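What follows is a set of notes on a single structure, which appears directly below.
Every chain is named by a letter (A, B, C and D) in the order it is written, and numbering of its residues begins at 1.
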Amino acid sequence: MEPRVARFSVSLDKDLLRQLDRMLREKGYRNRSLAVADMVREHLVEHRQGNDDRESVATVTLVYDHHKSHVQEALTELQHRFRGSIVSTLHVHLDHHNCLEVLVLRGKASEIRALADRLIAAKGVKHGKLTLTTTGKDLPA
Amino acid sequence: MEPRVARFSVSLDKDLLRQLDRMLREKGYRNRSLAVADMVREHLVEHRQGNDDRESVATVTLVYDHHKSHVQEALTELQHRFRGSIVSTLHVHLDHHNCLEVLVLRGKASEIRALADRLIAAKGVKHGKLTLTTTGKDLPA
Amino acid sequence: MEPRVARFSVSLDKDLLRQLDRMLREKGYRNRSLAVADMVREHLVEHRQGNDDRESVATVTLVYDHHKSHVQEALTELQHRFRGSIVSTLHVHLDHHNCLEVLVLRGKASEIRALADRLIAAKGVKHGKLTLTTTGKDLPA
Amino acid sequence: MEPRVARFSVSLDKDLLRQLDRMLREKGYRNRSLAVADMVREHLVEHRQGNDDRESVATVTLVYDHHKSHVQEALTELQHRFRGSIVSTLHVHLDHHNCLEVLVLRGKASEIRALADRLIAAKGVKHGKLTLTTTGKDLPA
């Protein structure tokens, strides 16, 4: 039996689509669907890591345009709601538009991931990345 | 000026699509287009890391035991030597022994990687991770 | 090369000297010379703040309620406008409403003061304080 | 009855003494003892503020030469000992020698002051300054 296939449509900024197509040519993909499937599988693998109750330490790196529709308000509101997991946030003004924020998180892996997911998914965030690390306690040097 | 948007369609295995949709719900995305855009930007950021003279922004997350043989001295000496690429460093005291340090780096990708490699390889560092991100300049939201 | 040291004698009211010695014990100084050297350096740092084109380093500490009418937007806009003087900003979420921000500034004293004045005067800032310090260059230890 | 006077001797770096004498001339002091008495009184006034159990928030700004005899080791050891009061520490590499550190502290005013005093008094710290601020809770905007 062949794998059954579903179709859906996606809207992207035109510039972003052009940059995607150039990358797919450079990487040698034959069509966008194969590339999207690879990206989805990679994110599923990452998503399933560290979804437990162990005490974890992590950093989240975010880049966003602070002029875009309320992105900073949304990020701040989220951070105050989850502030129990946030140690502190370092903010660097990259240029007139772009901000870099690095959050240091500490708490249950599942809560850290929940907050990181929401921050990275927030509208206006151009790039976001969760880096799970260790409290160092059980790890010999 | 309105952002110009392009539509295209994607074919995915039905099971993979179901798993994607569950992940997007868990991550808090409101629709697939926003999620695909985030994946595309993340892969663009990674794809461009090969271009070594491009201006890059990165964070390095380090966990180490500050009591271990001169590890802090070594990290500080390294950081002062490469200080042209370091915007600043956030330090969190995890417990009596363990320190978390997050560095924000900006400069040529090749120099950032050279510094990150040395920091992560330093004796006494238990875990180190380089997260390359973007200056945000050429990446549409 | 050994650090060259000079000795001189000081006359103080006996009561004042007793109070000084009690304070030095409470502060953890091992001898009066180290304490006097610290006082002298602190007063030198303050005394030189009058020289407006000298390169200076400073921190600004701000506490504000991020729910209040656009205070965060205003602070971010200001910081991006003056970003040439800002090294980075550390943000701590104090409770559901209150934020602490510490900015590290570097540049001409006059520009640092201009930015600090605007940040501290911004509507919604509950407490703000400029701490001018030194680049350390011309100050013996 | 005349106030009884006590004499004691102080050792200072020769360059620092020269800079002190120039400042005293510029400020119009007739001799070093009068200037030292003024500094001592100013520090006593500051020392007696905020020495209680109220919950406080503060920043400490430190500038030091990381090459000087174990200053960084001493500061890190102190910070780990008092880590219950330290939210996090932002570190900026000013030049090949000089470091700026800003600590965000939260806890009882008396404990914050005790830690700040020890950090500022540590051998090798060129300039240190405690800025007491507020949790924002009882302070209307």
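Please note the rule applied: a residue touches a chain if its C-beta (ideal position, glycine included) is under 8 Å from a C-beta of that chain, and two chains touch if they have at least 3 such contacts.
Keep in mind it's a predicted model, so treat the numbers as computed, not measured.
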Chain at maximum distance from chain B, centres defined as averaged CA atoms: D
Result of counting contacting C-beta pairs for A-C and B-C, higher pair: A-C
Distance from the mean Cα position of chain C to that of chain A, given in whole angstrom: 36
Computed distance of Cα centres, chain C from chain B, in Å: 32
Chain C-chain D separation of Cα centroids, rounded to whole Å: 10
In chain D, residues with contacts to at least two other chains: 87-88, 90, 92, 95, 97, 99, 104
Chain-level touch network, classified as line, ring, star, complete or other: complete
List of chain A residues in touch with chain B within their complex: 3-17, 19-20, 23, 26-27, 32-33, 36-37, 39-41, 43-44, 47, 57, 59, 61, 63-65, 68, 87-88, 90, 92, 94-95, 97-100, 102, 104, 106, 117-118, 120-121, 123-129, 131, 133-137, 139-141
Chain A to chain C touching residues, read off their complex: 66, 72-73, 76-77, 79-81, 83, 86, 88-93, 95-97, 99
Chain D residues within the chain A interface of the complex: 87-88, 90, 104
